[in-house]
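Let me begin by handing over the structure; questions about it come next.
Going by the order they are written in, the chains are A, B, C and D; count residues from 1 in each one.
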Amino acid sequence: MDYVANKDIIAKRIARIFKTGDVVNLGIGLPTLVANYVPEDVTIILQSENGMMGLGPAAAKGEEDWDLINAGSAPVTILPGGCYFDSATSFGIIRGGHVDYTVLGVLEVDQEGNLANYKIPGKMVPGMGGAMDLTTGARVVIAATLHFEPSGTSRLKRRCTLPLTAAREVNYVVTDLGFFEVVGDRFFLRECFAPYTPEWIQEKTDATIVVTNDCKIVNLD
Amino acid sequence: MIEKPILTPAEAAAKVQEGDALMVGGFLACGSPHTLIQALKAKGTGRLTLICNDTAAHDLKSGRITGVGHLVAQRQFKKIVTSHIGLNQETQRQMNAGETEVELVPQGTLAERIRAAGAGLGGFLTPTGIGTEVEAGKNRILVDNRPYLLELPLKADVAFIKARKADKAGNLVYAATARNFNPLMATAATTVIAEAEEIVEVGELDPNEVHTPSIFVDVLVRAERLEW
Amino acid sequence: MDYVANKDIIAKRIARIFKTGDVVNLGIGLPTLVANYVPEDVTIILQSENGMMGLGPAAAKGEEDWDLINAGSAPVTILPGGCYFDSATSFGIIRGGHVDYTVLGVLEVDQEGNLANYKIPGKMVPGMGGAMDLTTGARVVIAATLHFEPSGTSRLKRRCTLPLTAAREVNYVVTDLGFFEVVGDRFFLRECFAPYTPEWIQEKTDATIVVTNDCKIVNLD
Amino acid sequence: MIEKPILTPAEAAAKVQEGDALMVGGFLACGSPHTLIQALKAKGTGRLTLICNDTAAHDLKSGRITGVGHLVAQRQFKKIVTSHIGLNQETQRQMNAGETEVELVPQGTLAERIRAAGAGLGGFLTPTGIGTEVEAGKNRILVDNRPYLLELPLKADVAFIKARKADKAGNLVYAATARNFNPLMATAATTVIAEAEEIVEVGELDPNEVHTPSIFVDVLVRAERLEW
């Protein structure tokens, strides 16, 4: 089977998790794409950890307000009913369990629910920013990632080898191959994205992936 | 932005169950949700634990009662966690008679315990209370050779909040010293019910001036009673 | 010598401690009187622990705003340049050492700097309110009290017998007899208010009161 | 109300001494005090410890630098306490080369440590960092059988704050997401210097809308540079 990396599939699937009223924090990069695919009849509230509730679309060219950015420093807008707050309040909201979902990027994620996404020792140390608080504090943690590194190695592991962002906090992993839930130190494949098959995913991933009868084959195109 | 249900005071008060822990905003009845207090008095729900800065006023001679004092007088609390009962003789009477358990907490510690619960902290170290009865049963922790008490978070099932203005999404703005414990309690309860003097459309509040973000508020009520 | 209780003397003397710019919290009762005697050329900033900086005079009759009270629940005003905040911020200001002086009432105060002012077990238990945080957090703690109880017993003690509001936090005790500083587990009489004499004060007080050469006799009328 | 001195950027920057711990507001240069940063760059004061959410941006290829990145580039810091250096390649280079010590702190923990210092707390318990490298050297404390890390307060000698508006007494109002760490840092430094885009007369700000009370601010500066 041919694998073609597909970030949009991941964003599309994650966007369907939410229901109206959910408070969601989307990480920089791939997770940001999720906002593009939220169904029209679902209204979620985006939190931005730099101090905003009600994050709106990117600011139009020429209309940027440089006091109003998202956590990736891109100029954005605020929706009616949104508000601003300081960083202690922002992380009080996050740590206090008032964010329903956080969607984060991945370097490695393992079947125990461990996530590594902030450091490759000796190589790349961007810092954890808000990721450790988000993974610890949000009610549901969704790891969003292309299934494979460019080298072909799976990002889903038996055990992370990189320094952890959070221990045992990941609930769901959504890749361009499928939707995984972490339960009892194993990945459960809940949905397999066509044209891939559960067997192929198991074969290509060095981790315990349980496939039960109710695993659905889903076409997200 | 999603709008929150606007309930009648009676509907909102019915969210409080027998035995619940209930936070009530206000400082000596200033900034207290008087409409909700009266509705809960009418409902009569009992065996509650009250978390409130104080129990407002109750003068046994004159019979004058303010704020949460109305609920104390009706014996709706089995326990009261508060910093001050000095103006409520009935609370003192119930405490001395062993009818109601009263836990006295320094005001700053009470505020911070509520904030800690809302902010997901496991506790905090405060110098307040070192060398006093407040130390009893608490861990003393040295930091830089200075002793601190480890104080734990305090959360509730329901919070009654009073705002000057709300928008329909639940963003709140408070007036003057009527702010006090309200914004803290709005973060620390499972169900947060806010009564507001004015409820405006979404988008009418300046996002820079919101004191309590909408996501903390579950239910709105129109304030019908402003008197203490 | 005849003793006549005089609260105004106490307030007058305390008011002279401050310099322009000091942030001061005045307790309920006697301490509140201090505001009346601050010299005209000195501008202090009054903090009120219920959530205000820039506490102004009492509200005029008929102009009360019941959302604007002091910590004793009396309707007050706010001065230009004042502002409001919540109770966590208020006690952050207090505990964080941003209040220069707190002036508190007294049941007992002792030569070790211990203060008892919130509880007479079995008799009167109003609760500590903000007093424990104020005594612990303010830079300088001033105990303000009539020297004697109505029974004639001195409120200045060798050792407090009532439950403490704060241990070893009191810096100054100002009574209607004199100005005392707590140093090294003793009271130092810095000023003796005429017509009283240091000897008379020592005789009437069951506590170690040190009188040094620089103790001044002061007339505050 | 007492008015605060309004100094030139150079006069204000001279308040920072060699070796000081310096807090700088801002999030990826948004809401950073760019006027003060440039003045401190001109002054060249060194061996500082920087406490800042991040070190803004420095692209080694293009040479583009923003915010506190200008001070990093000029090697004015011996140590940097921050949550994120991902957009500043020069910070990463200095760290990897062992030229500058970098302490990485989770963003929420950084915010709370600064708040704790300003609020006189001896520390707080956070679940953030449990099971990660952040645990190293810290006390783990169980509350209700859940493990927390004891995190300690973080204070500074000087804080550089950026406000949208100040009144002459020093009350501050921030704009949108330019608020971020500014109000926290304003509570946690011995000397607090606030640059404001606009400085109005005392009494012109609504006391309900002030974000930082005047008593925290020691010195005002007129913002001259708003570009990142």
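By our rule, a residue touches a chain if its C-beta (ideal position, glycine included) is under 8 Å from a C-beta of that chain, and two chains touch if they have at least 3 such contacts.
Everything quoted here is computed from the prediction, not taken from an experiment.
Asks: Quick one: which chains contact subunit B and subunit C both?
Replies: Chains touching both subunit B and subunit C: D.
Asks: Could you compare the number of C-beta pairs in contact for C-D with that for A-D and name the larger?
Replies: The greater number of contacts lies at A-D.
Asks: Taking each chain's centre as the mean of its Cα atoms, which chain lies farthest from subunit B?
Replies: So the chain farthest away from subunit B turns out to be A.
Asks: Give, as an integer number of Å, the spacing between the C-alpha centres of subunit D and subunit B.
Replies: Here the centre of subunit D sits 33 Å away from the centre of subunit B.
Asks: Can you compute the centre-to-centre distance for subunit C and subunit D, using the mean CA position of each chain? Integer Å is fine.
Replies: Here the centre of subunit D sits 36 Å away from the centre of subunit C.
Asks: Roughly how far is subunit A from subunit D, going centre to centre by Cα mean, in whole Å?
Replies: Between these chains, centre-to-centre, one finds 29 Å.
Asks: Averaged over CA atoms, how far is the centre of subunit A from the centre of subunit C? Could you give it in whole Å?
Replies: That gives a centre separation of 56 Å.
Asks: What parts of subunit D, by residue number, touch at least two of the other chains?
Replies: Within subunit D, residues 112, 115, 119-121, 126-127, 174-176, 207-208 contact more than one other chain.
Asks: Got the subunit C residues that touch at least 2 other chains?
Replies: Residue numbers touching two or more other chains: 52, 78, 84-85, 88, 91, 94-95, 137.
Asks: Which chain pairs here would you call touching?
Replies: In this structure, the chains touch in these pairs: A-B, A-D, B-C, B-D, C-D.
Asks: Subunit C touches which residues of subunit B in the complex?
Replies: 27-31, 53-54, 57, 82-87, 92, 95-96, 104, 106-112, 114-115, 126-134, 164, 174-184, 211, 226, 228
Asks: List the residues on subunit D that touch subunit B in their complex, please.
Replies: The contact residues of subunit D facing subunit B are 112, 116, 119-127, 141, 143, 146, 148, 150, 152, 173-176, 207-209.
Asks: Residues of subunit C touching subunit B in their complex?
Replies: Per the stated touch rule, the residues are 48-52, 65-69, 71-73, 78, 84-88, 90-91, 94-95, 114, 122, 124-133, 136-137, 163-168.
Asks: Which of the residues in subunit D come into contact with subunit C in the complex?
Replies: Against subunit C, subunit D makes touches at 1-2, 115, 117-121, 167, 169, 171, 187, 202-203, 205, 207-208, 210, 213-216.
Asks: Looking at the complex, which residues from subunit C come into contact with subunit D?
Replies: The touching residues are 20-21, 23, 43, 45, 47, 52-54, 78-85, 88, 91-98, 137.
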